[in-house]
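Here come two complexes built around subunit A, the first alongside subunit B, the second alongside subunit C.
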Partner chain A sequence: MSDTLTLPRRPRRLPPRLRRNPMAALALGLLLAIALAAIFAPLLTSFDPYETALRQRLQGPGNGHLLGTDSQGRDMLTRLLYGARTTLMIGCAGTAFGALLGGSIGLCAAFYRKLDGVLMRLVDVLLSFPSILFGLSLAAILGPGLDSLILAVGLSVMPGIARISRGAALSVMTQDYIESGRAIGLPDHRLLTRYLLANAYPPILTYTTLAFGDAILLAATLGFLGLGLQPPTAELGGIAAEGRAFLFIAPHVSTAASLLIFAIVLSFNLLGDALRDAGDRRAQ
Partner chain B sequence: MPRPSSFPPPVTLSRLAGTLLLSCIATSALAQQAGVVTLGRTYDADRYDPQRSSSLAAAEVLYMVGDTLVTLSDDLKSVEPALAERWEVSEDGLTYTFHLKPGVTYCDGKALTAQDVVGSMQRWLTPDGPYVSTWKAGMVDSVTAPDDSTVVYKLSAPSSGLLFQMAQFNFIIIDPAEAEALGDDFGVTAFNGTGAFCFDSWQPNDAVVLTRHDGYDWGSPALGNSGPARVDKVVWKIIPEESTLVASLQAGEIDATYSLPSWSIAQLEADPSIQLAQPAASFRTHYVGMKTSRPNMGDVHVREAISHAIDQSAIADAIFFGTVDAADSYYSEAALDYDPTTDTSPFTFDPDKTRTLLEGAGFTMGSDGFWQKDGTPLTLTYYGFNSAREQAEAIQGDLRKVGIDLKVELFDSTAIWAKLREESYDLFQMDYPYLNAGDALNLYFSSASIPSPNRMMWNDPETDRLLEAGNTATTDAARSAAFMALGKHLHEAVLWKPLLLETPTVAFGPRIAPFSPAGISGAAFGTGLSLALK
Partner chain C sequence: MMVRLLRRAAVSLVVLTGVLLIGFLMLQVIPADPAVAIAGPQGTEAEIEAIRRHLGLDQPLIVQFLYYLQRVLSGDMGHSVINNASVSAELLRAIGPTVELMCAAMLWAVPTALALGILAALRRGGIIDRMVMTLAVMGVSIPVFWVGLLMIQFAVRTRAFPIQGRGGPLWTLDGLSHIALPATALGLILIGPIARMTRTTLSDALHADHVRTARAKGASETRVVLNHALRTAILPVITLIGLQIGSLMGGAVVTETIFSWPGVGRLAVGAIIAGDYPMAQGAIIFLASAFIIVNVAVDLLNELADPRLGART
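Here is the complex of A and B:
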């Protein structure tokens, strides 16, 4: 069967309004800079992030170390770059996993009305846990490690995404083209992806961007609480925790890591807000 | 010792924090009262029952509220009278007869009799009871009381270390009738002891309050004041955050503490209102144990190679800010029965020797910079405590520099004990308190202690033979000879890499008169008899 209906696939374009928002541009620029610095960390620093030098530890900025050294005498800037790499990776992978799972649950709940009750009660149960407690319990059960961190972060952001997806999909489901598609016998998977998802994605994308900030924060929190990765892997929450013991004598360790987490999360939140404004019809 | 250079002087910052904290807590009801000494610490015990606790937190309080039959001199090398004014040991080393001091009473006024000692021992040694550290009592045949002031302690095999062990807090004489009546609440809601202080109240994770035991005069004269206590009340205050504890001390909210983070010692030294003191002898050694049953780890050359790669003096100077000493033996050289001729050369920091030894053991350096043998890289797994993360990272860094890949896995103190019973790791890190060489050797190296606490899986007939000889020796000379020979033998086998020798540093504020901290079990305030206000 051929697709004879010509339907709007991209209802609104987001970028023009986004471009007019200077805060969003700034946030995007900052995020890109941090992401690029993290990806190309080995080219930006000549220090080994794992080479310890105990007798040079906890030195303030200077002496060849732009941001000083950490509690093992490693270059702080290098640790931060590699730490941002790990944290961003956990955030990205966790959010992607959460968005995939949450999006699927939300769309299915809207499309197959019989599943709605079961799926949404499940999501309600997950939503009723504070995300940090939920992430902590998961990481504690699964044991420390990259996989369990990604899973914990993903499952923590999933319920919110599932709710938003269902809401967005429900409003699309009332459109005539869905009814028409069904009438001409389009298979479910085609309707779900080409018509439902294609028209419901803007709020999902916006929410996912906002959830990104939460995911990064959760990843850093788990790292701070010692449920993160095992040494010597650098991770921003872990670096902040490591410096906490030395706040009085070497405040730069915790401060630098915390500021970097702050910058990443703030950028994601500003970007998410801008996306939401751009996508909000009433704001236009 | 490296000091941070480009930051405000530590004292200024901590003073600021102290001032901030003071403004928050100055109004608290615990503001210093006359006659009350407030001691700070970061942890609490699960209960205050000498027969069910093995923690320092319990020992600290129990030494103040209870007494043992004997105690140890300040250097931990000779046994001194406590509740027992004298004792005799039979020729065969099997029968100990203790004569109790007259006039000893419990806090509730009841007189202590030999029956109470018998009751205490019977409760502790109940088979399959929830009681800990019973091995310290030796192979007990019977404990009897021929009259009210005599206790006969019979063993089925001699135990040369028994009198030393008897100074430990597990041997504190309890009130057996109270223990029976309170059951699980014993040491929680009440504890009726014969100590210099009486157990008043306990709010878990907040404070333990002790009041002076009036009429107490049976303290050991060898340790200074024999009683009564010079202060009316001791409050053990729990402040979980180390930084807050330091600030509380500087603000005068607490009078003394030794749960100090290493970084704070230098700034407390610079504070004219704070005084620091250390016990004459107190032994706690940090070490890395090696599991001989694992691939490659059975080879003494590989173990020695690992030992030479770890720089323990850098750990002492940097991570502990020079407040501990680097160790090169399993137990202190000042401990009873340490042989000064022990060969400690396998424990020096010498990465060149690591290379030579690994080459000799058939390893080659791979293109990735790590040693390998028959195509398999030398990758080791290390288990440690979350709280010793910095030590773990330093050791990992040291091994990486010589080409040994170390996978570090850290656990919290509730999870690690089960993990340490497994066969899944090559190295583990730990610290332990001990009284003397015999105590340390008995705890760790007997084949009967496999797989825990003999986590090295050291199954060696010579070790078992010498341990037996030392334990059953009936003269000091014979015991000393056996333990010295065993110590040398085990050091040659390189089963541990000794890291650090830690002595607690007590910091006390301007209200406290100078005193000598105690050394047994690391409980530096001891019986509390030496605490006095200026």
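Here is the complex of A and C:
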């Protein structure tokens, strides 16, 4: 009986599973490296991402600049590091917002059964909704920029997280301790946070991590379309778009930025597949 | 089944109203006076006053929203603030190219993905299977704009295809060569998910009882795969293709922008960047409504195609 009362505080440890999947381990390593490089960007490069040097514009790799320079003569490696910083930050903020919103919707749908039908039908419609449309609408209402970008990313990851949260919360709702909590007269908000969320969060957390790849892809795509942060802000999608004008003289500018986005998203997806496979095996 | 469909239609109607409300909001938050915006740069004071009264801008917001609904439903979406062009007319001109591009992308991508999925399912764990799975995960991870940029670089080096705009009708060589690159780039989005789903459902179906029976009866392997296994495996794939219309539409926005394809997506992006609120509003509510309506249609087709779905409710 005692083990049903202890609340599982931590999600299951994953590294042993990842060790069996070299691709996923590689992906995780790459992601960590990119994240660290982005966080410590100022320590890794002596160049300024915004200082222009027009005489050194559009240089190829080498010659004092490891990855060459862009159309304003700025060091490409520095731009990429700071760009990754911005893009990852937008991904984090957007996903966090989406997780908060989606998690609340999912938990409420499981807790207040009367709301379930309405909430989940809306979520279902939004689930396959083209996420770019969120970006377009918000950019049209708020103007292109950081806030519209973060909101768009949040809205696009929200439906998936809402579904997962509801599923996780529904299985927790069948537990005796929820009934006990009700019986001793705990208020709803306490039941929702201390009982429901505290026990349902591991799968929500896993899914949220995986939604990150899609979030980054959306943020970069909106940035590329010019609906995100405006130049000269270093942002990966924006850098790829800047390079588009010089595609034939200096293809390295857009290629490097696109490749970095691709590497980040691919790593998240590989990691996600590995986690899903691990989950399947556990289910069997 | 009827109840389910009706309920689904009701939800879609609610969402559609939500979409229109967002379109309405887009016009509300314009920093400038909407009447001034609609009258255009040449609008006189009297014209602006007339438009204000015509739009009912002195009325409460909810009444204004109803007016807005009435106007949109009668096909009047206002005029561009840039060149005073009718939004509905511009949209009508852009719908054709967008539908054309999406159809062309599906036309090559769906059969290719099905073939890849079938090959992968037949030789599970083999080289083709591994290649398909690798391609699938790469396909969903690669930014569509990068695929477009790579294709443009390739096309310019080889001088094989035009990289911008739409050519003549599709049955002419000019039309085909213009759509080739954007349709290829857009179709790539579909390959991964469809191939993957086909592989999963087909390899499950290959172990099903009715397939074993067919084998026992001595049917040829081709017949077993195509007539017996694929028949049951294809239903979830069709559902998935329906669900992919959202990402196809999102991809179309990007592809149209890169290849200067004169569709609704490019219209929307251009309008937002130029600050042309009425045009942006029109293009966005068009895309969103089209998506919702197509989704209901796909649902309906699913219900009709799968007798089990009908029996359940």
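The rule we apply is simple: the second predicted complex is superposed on the first by the 245 of 284 C-alpha atoms of A that agree within 3 Å, B and C clash if a C-alpha of one lies under 4 Å from a C-alpha of the other, contacts with A are read in each partner's own complex, and residues count from 1 in each chain.
The rule is short, and it goes like this: a residue touches a chain if its C-beta (ideal position, glycine included) is under 8 Å from a C-beta of that chain, and two chains touch if they have at least 3 such contacts.
Predicted model only: the values in this text are computed from it and were never measured.
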I'd like to know which partner A:N269 touches here: subunit B for first, subunit C for second, both or neither. second
Would you check which partner chain A:P42 touches, where first means subunit B only, second means subunit C only, and both and neither mean what they say? neither
Just subunit B (first), just subunit C (second), both, or neither: which does A:G226 touch? both
Mind telling me which of the two, subunit B or subunit C, contacts the most residues of subunit A? C
Contacts of A:L133 with subunit B and subunit C, given as first, second, both or neither: second
For A:P251, is the partner it touches subunit B (first), subunit C (second), both, or none of the two (neither)? both
Quick check on the superposed pair: does A:V125 touch subunit B, subunit C, both, or neither? Answer first, second, both or neither. second
Touching A:Q59 in the superposition: subunit B (first), subunit C (second), both, neither? first
Partner chain in contact with A:S71 - subunit B first, subunit C second, else both or neither: first
A:Y50 contacts which: subunit B (first), subunit C (second), both, neither? first
Subunit B and subunit C footprints on subunit A, overlapping residues: 144, 226, 247-248, 251
Give every residue of subunit B touching subunit A within the complex, in rising order. 2, 4-7, 10, 13-14, 17, 242-243, 261, 263-264, 267, 311, 314-315, 317-319, 386, 389-390, 392-394, 396-398, 400-401, 407-410, 412
Show which residues of subunit A lie in contact with subunit B when the two form their complex. 50-52, 54-63, 68, 71-73, 144, 226, 230-232, 242, 245-252
Mind listing the subunit A positions that touch subunit C in their complex? 121-122, 124-125, 128-133, 136-137, 139-142, 144, 213, 217, 220-221, 224-227, 237, 240-241, 244, 247-248, 251, 254-255, 258-259, 261-262, 265-266, 268-270, 273
Taking the complex as given, what residues does subunit C use to touch subunit A? 7, 11-12, 14-15, 22, 25-26, 29, 137-138, 140-146, 149, 152-153, 156, 243, 245-247, 249-250, 253-254, 257, 268-269, 271-273, 277, 280-281, 283-284, 287-288, 291-292, 295
